[in-house]
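Both complexes shown next keep chain A, but they swap its partner, so chain B is in the first and chain C is in the second.
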Partner chain A sequence: MRTTRRQFLALSGGALGTAALRLDAAPALAQNAPVKIGVLAAKAGVLAPVGESGLRGVQWATERVNAARGILGRRIELIVEEESSPKDTVERFRKLSLQDRVDAVSGAISTGVGLALGPVAEEMKTIWLSWDATTQKGVEETLPKPKYSFRSTDNECEAVMASLLTARHLKGKFRTVAGINPDYSYGRDNWAAFLAIMKKYGIELSVVSELWPKLGATDFTAHVAALGQARPDLIFSCFWAGDTPIFLKQAHAAGLTAKSKLVLTTGGGVHEALKKDFTPEGAILGYNCLYFDWARASALQKEFVRWHHEKFKEWPNYESDHGYFTIVAYKAAVERAARAAGGKWPAPDAIIQALEGIEAESLSGPRRFREDHIMEATFFQGMTTHKNAYDFVTIDPVETMTTKQIQKPSGVGLYDWINSWKV
Partner chain B sequence: MIRRGLALAAAALLALAPLLAPPYQVTLLLPAFAYGIALLGLNLLFGTAGLLSFGHALFVALGAYTAAGLTTRYGVLSFEAIVAAAAGLAAVVAVPVGLLCVRYVKIYFGMLTLAFGMLFYSFLYKFYALTGGDEGLRVLRPLLLGRPFAELDKVGFLTGPFYYYALALLALATLAMRRIVRSPFGLSLRAIRENADKAAFVGVSVRRYRFYAFVIAAVFGAVGGTLLAVPTGLADPLLAYWTHSGNLVFMLLLGGFEHFLGPLVGALAFIFLQDLVMSLTAYWRFVFGALLAIVVVFFPRGLLGLVAPERPA
Partner chain C sequence: MQRILNLACGSFYALGAYTGVSAVTWALGHGLPAPLFLLVLVASGLALAVIGPPVERLLRAVYDRDESFQLLLTFALVLMFEDVMRFVWGTAPVQLGNAYLVYGRLAVAGSTVPVYNLVVIAAGGLVALGMGGLLTHTRFGRIVRATAENREMSAALGVDLRRVYARVFTLGVALGTVGGALVIPATAAVNEMAIDVVVEAFAVVVIGGLGSMRGAFVGSLIVGVLKAGAIATWPEVEMLAIYVVVIGVLVLRPAGLFAGAAP
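Let's look at the complex of A and B:
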C-alpha cells in the first residue's frame, strides 16, 4: 500500500505527538519510580549477627516509610548486597552504583571496609550512609571533608563513656588493671582511650596484664589463666561479639568475675547471651546506641522492640537503630531539600546539603549528622543487674550520654580533646 | 588453528569490551585480569611442575601492599615502577621461602606454602605501624606511562586507560608464560611433574628447576596483586588469608589447569559467577563449595576440558 502525503503527515504528526507525550511523561514516571537504596549487610562470619540486625532496622524503616506514601510519593526499594572483605565490598558498592543505579547506599560495619568505601563513594559520587563503619584509621579521621560519605559515630565513643563511668563510680576502688580486647584497631584504640582517660582523672593504676585474643575467638582458657595469675582489681574489655559470653563463662568458672570488677564497653551488643549464671551484677556494661529495656524509651522504640521480639523472638540491639536512622535521615533530607525546591524531587547535591546537619527521630531518640558527616547519637551504659524478668543481665541505673559528651569534636584529635577536658 | 582463532577472537572481544559492555561489567574484568596473571604463575607450579601451592595469595598480597606502600608512603605513583618493585620484592621474598618449600612435594609442599601464607597474613595484621594492621593501607590512583588522566573520574580511569593497561599486562604475561612453558625449562618442569626420578636421571636439576618455577610464580602473583589493588583502592590483610589462596586454586580448577589458557578462563568465570551468585543468595559460599565438589568429581579438567580436547599444558 502506498502512503499518501496526507496519511504521511497524519502519521508523522501522531508520532511526534506520541513522542512529545512520552517526553512529557518521562519526569512523571521518574517521580513515581521507586527510590532505590542499596544495602550492604554482613552475612557471614563474626559480623553476620550484627549485619542481620542492621538489615532488620533498615527493613522496618522501609516498611513504615512505604506504608506512609514513601518519600514524596515514591516507594523505597531495597537492593541488598553482602558486606565482606574490603575488596569484595567495594565491588558490590560499584555494582549498586553503576548497575543498579541506586540513589544511596546504606550499610557497612567494619572499619576496614569503611576505609575502602569512603574514597569509593566519593569517586562514584554515590551517597553512602554508614551504619557502624567509620573512615578512621585508628582514632584519626582519613576523610576530613567528604561529600558523599556519611559516617557512623567514632569508634572510641563507647570506651570514652565507659571510662567516664569508671572514673565516676569506681575511682579509689581499684589499683591494678588488666585489658582483654580483640586484636585489631578497635580493641587497641579503646584500650588506649581508657588508659588516657584514667590518667586524665588522676587515677593511679598499674596495668598488670594486656591480652589481645583474635577477634571472634572461642577459647579463652589461656587468657583466663593469665588473668588469674595477674589478679587485677579491674578488667577492661571491648568485646562486642560472641566472644563476650564465652569469655565471661570461662572467667566465671575460674572465679575471676567474683574477684575483679568488670568494664565491658560494648558487650550489650550480644546482651541476650549474657546469662545471669555467669555474668555478675555491678559490672559496667555498654549497649552502644539502643538499650532495648529502657523505661523512658519513646513509643517508636517500644513499638520496634515489640515487633522485633514478636518476629524474631529476640530483643534487638544497637545495629538495628543505626540502620533505621540511615533510612529516616535520608527521607528527612529529601523532604527538606524538596521544600526548598518547590516540592520537586531534589537533585543529589541538594539532598547531600540537606543531610548535613539533618536531625531525625531514631529508635533511641533524636539523632543527627554533623556538618562534617559524622553521626551524633545517644549512648546507653550502666551497672549490670539480675533484678529483671529475663534470664540475662540488664542494667540499672541506665546512664545515657550523647556524642556531644563522648565524641571528639570535628577536626580535633582524640587525645588533644581528652587533654583539654577540665576535670 | 581453530584454537588460535578462538583465542584471538576472545582477545579482540576483550579489547572492545569498554565500548560494548556497561561500565560495571568492565570494572569486573579488572580483577579477572589481575587474577589471570597471578594464576598463570600458580599454574606454572601446579599444571606444569605438579606442585600445588596453598599460599599463592602471599605474593598477590605482597603486590597489593607494594602498590599501597609506594603510593601512600613514598609518593611513587608510576605504575611501571610499582609493577617492577612488586616483581622484584616478590622474587626477593620467594628466594628463602622457595628454597624451603621446594625441598618437599605433594601435601608437604602445600602445607608449607599455606604456613608461609598465614605467616605473612599475621605479619600484615600485627605490624600495625608498617602495614596498617586490620585496616590495611590505601592505594592511590597511579600514573600510567607517566600520565595521571586527571580529566577522568575513577570509573572513567578504570574502564579506560587502566583497563587497556591491565589487558596489555595480561597479554604480555600470557606471552611470557607461553615462552616459559614451551622452553626447555618448561619441558623439564613437565618431565619433573611426570617422573622426578627419571628427570633427575637424564640430568634435570629437579630442585633447582622447581625453585625457579616457584620464584617465577611469585613474580606473576605479585604483578597480579598490583593490578588487583588499584580498583579496590585498599590493600588489606585478607588478601593474604588462606581462603584467598583457596579461591586461587578454585579458579585454576574451574578453568582447567591442564590447559595453558585455563587460568584465564577460570579467573573470568569465577569473577562473573561470584558477581551473579552473590546477588542471588546469601549462601553463595555454599553454592561455590558445591560447585567445587562438582568440578572436582565430574569435570576435573575444568571448563576448558569441556570444550577443548585433551592437550598437555
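Let's look at the complex of A and C:
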C-alpha cells in the first residue's frame, strides 16, 4: 500500500507523540532504570592499544559494580562510542548526551579531542570523566574553571618523575643529551619539562640533537643515524605507542643503545613490545599509573592483572587504571551525594560536587579527583632489567611517586612550580 | 596504468608486514634455520598477492569515474583492511624476534649498519631492475606500456584489458605486500602503518609523475634522501622539505618530473 504524504505526517505525529509520552514517563522509572554511562574509546590508529585498554578497565569496573547491586541498586549500562577526530568525537559526545541521555561520559585520550570536548561537556551539561585527554594548556586558557569536565593527571607527570630519577641516579654520568619525541604537545611539553628540571638540579648539559618525528611514525632509521652522529650520553624520549619498540629496535641495531643511556618516560604503554633482544638494561622506563608486575600491588590490581591476562593474553597497561577509576569514582560520588540527600538518587549538580575531592580505590591504589577536577594518582618507573620470566623488559627496583610530588598544584604554572622547588 | 588513485596500496604494505610476522614465526617454530627467514618473508608476500584480483574487480566500478569516487572507495578499503588487521592481529605492535640482526652488522665510516638494511636496499634495486626489464623486454611489458599509453587503441588491437588490468594490479599488490614483509624485521607492524606509508608514497609519485616507473624510482630517492638529510641537519623541516619539493614540482612541472616519458 502506498503511503500518502498526509498519512505519513499523521503516522510521524503519532510516533512523536508516543516518544513524548515515553519521555514523560521516564522519571517514574528512573529509580530502577540503569545508569547510562557513555564511553569514548579509541579503536583505530595510534591510539587503539590504549583506547582498548581503557575500555577494558571501564568494562571490568562495570561488571564488578553491577555484580554488587550496581549504584544504589541501579545497574550501569555502558554505551560505547569511538574516539576518533575531535569533530567526530564531539558529534558522538552530543549523541550520547542528547539521544542516549547518558548520566556521564567516560573516556577520551587525545589532547586534541579533549580540547574540543571540554567546552561541549559544559554546553551539554554532561559530566565528562576523561581518561587521558588532559587538555592542560587549552583548558587553562579556554575553560579555567570547568564544571562538568573532570580531567586526568597532567601531561608532564611522567617527564617530571623521569627527570627526578635521572637527577637521582644519573647526575654526573652524562653531559651531552638528545631528545627524540613525538611532534605534538605531549612530546614538546615533556621535553621542555625535562630540560627545566635538569637546569633546576644544576645539571650542566649540552643538547646535541632534538628530533621531532610525527606521532605514529614507523621508521626511525634516519633519526637513529642522526643520533649516532650526535653521540649523546643520554637520550630522552616520551614515545608511548608502537614508535617505542620500533625506535629501540633500530637504535639497538645501529649500536646506539650500547653507547647512550636511555630515559623512556612513557614506553611502559607498550611494555610487552619492549623485547629483551633490543631493549637494554639500565634504562629509565615509565609505566604511568599502573605497573602490571608490582609485587606490592593490591589484591584488586592482582585480580585485574590475572583476569586481563587470562582473557586477552596480554598484561595490562596504565589506561585500564584511568578507565577503571572513572567508574568507581562516579559510583563513590553518587553514593556520597545520596547520603547527603537522604538516600535518594542525587541531582547532577550534587554528583559533581561530590566528585570534587572524591577518593576511591583504583587498580593501582587510592586515587582521587582534586577540587579543581584534576586526577591524583601514583606513578611507576624504574630501571629496566632482563631478570624476569618474560621475553620483554620489566623494572627493578620499582619506584613510585604520587602526583603530590610530580604534578603541579592547583592554580600554579608548571615552570613556576618547578622553579619554586628547593633542591 | 588504470589511472586510479589507490589509497589502499598502504594497506597491502601493512598486510604484508603482519602476514610476514605470522609466517616467519610459524616457520621458525617448525624448525626453519634462522638465516632462511628472508625466503619465508618473500614467499608470504607473494602468496598474499591473491587478494589482488578480487580487489581489482571491486575497483572496476570506479575506473572511469571522478577521482573523488576512487579516493572514497579506496579509503573505505583502507579502513576495512585496518579493521581486518585489528581483528586478526590485535592493536598492540606485532614484531619478529631478533631476525633483524641474524645477518650481523657492519661498521662503515664510524656508523654501525645492520646487514639486513643492505639486503633490503639490494632487494629494492633488484625489484627496480626486474620491473624495468619486465616492462621493456617482455611481450607483457609492451602490452602494459601500450595500454597505459592508449587503452582504446590497445583494446582495438585485441588486448584483453580486463586481464591486463587484473595482472598489473596483482603485480602492484605483490610489490606492496613483499615490501611490507621485507621491512618488518627492522620495525613493528602497527595498525596505522598503512596511512603512514601512503602519505609519503603520494609525495613520491607526485614528484616522479603519476604512472611513471622511472619517476617513482627517482621520486622515492629524492624523498628518502631529503628526509634523511633534513633529520641530520635541521630536524624541524623534515616534513616541510618534502612538501616544498612537492609544491615546486606541482608549480613548475605539474605532471611530475618524468611525466610523458616512457614508463
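Criterion: the second predicted complex is superposed on the first by the 390 of 423 C-alpha atoms of A that agree within 3 Å, B and C clash if a C-alpha of one lies under 4 Å from a C-alpha of the other, contacts with A are read in each partner's own complex, and residues count from 1 in each chain.
The rule we apply is simple: a residue touches a chain if its C-beta (ideal position, glycine included) is under 8 Å from a C-beta of that chain, and two chains touch if they have at least 3 such contacts.
Please read all numbers here as calculations on a predicted model, not as lab measurements.
Engineer: Would you check which partner chain A:Glu82 touches, where first means chain B only, second means chain C only, and both and neither mean what they say?
Structural biologist: After superposing on A, A:Glu82 lies in contact with chain B but is clear of chain C.
Engineer: Looking at A:Gly255 after the superposition, I want to know if it touches chain B, chain C, both of them or none. Which is it: first, second, both, neither?
Structural biologist: Only chain C; A:Gly255 stays clear of chain B.
Engineer: In the overlaid three-chain picture, which partner chain does A:Ala44 touch, first (chain B) or second (chain C), both, or neither?
Structural biologist: both
Engineer: With both structures fitted on chain A, tell me whether chain B or chain C touches more of chain A's residues.
Structural biologist: C
Engineer: With the two complexes superposed on chain A, say which partner A:Gly216 touches: chain B (first), chain C (second), both, or neither.
Structural biologist: Touch status of A:Gly216: second partner only.
Engineer: Taking the two structures together, which residues of chain A meet both chain B and chain C?
Structural biologist: On chain A, the residues that contact chain B in one structure and chain C in the other are 43-44.
Engineer: Hey, which residues of chain B end up touching chain A in the complex?
Structural biologist: 22-24, 27-28, 31, 125-126, 128, 132-136, 138, 153-155, 228, 231-234, 236, 238-239, 274-275, 278-279, 282, 284-285
Engineer: In the complex of these two chains, what residues of chain A are touching chain C?
Structural biologist: 43-46, 48-49, 51-52, 209-214, 216-219, 221-223, 225-226, 228-229, 241-242, 245-246, 249-250, 253-255, 270, 272-273, 275, 277-278, 314
Engineer: Show which residues of chain C lie in contact with chain A when the two form their complex.
Structural biologist: Residues of chain C touching chain A: 79, 82-83, 86, 90-93, 95, 97-98, 100-101, 105, 111-114, 116-117, 183, 186-188, 190-193, 195-197, 227-228, 231-232, 235-236, 238-239.
Engineer: Which stretch or stretches of chain A touch chain B in the complex?
Structural biologist: 43-44, 81-82, 85-88, 90-92, 94-95, 98-99, 111-112, 115-116, 119-120, 123-125, 137-138, 142, 183-185, 188
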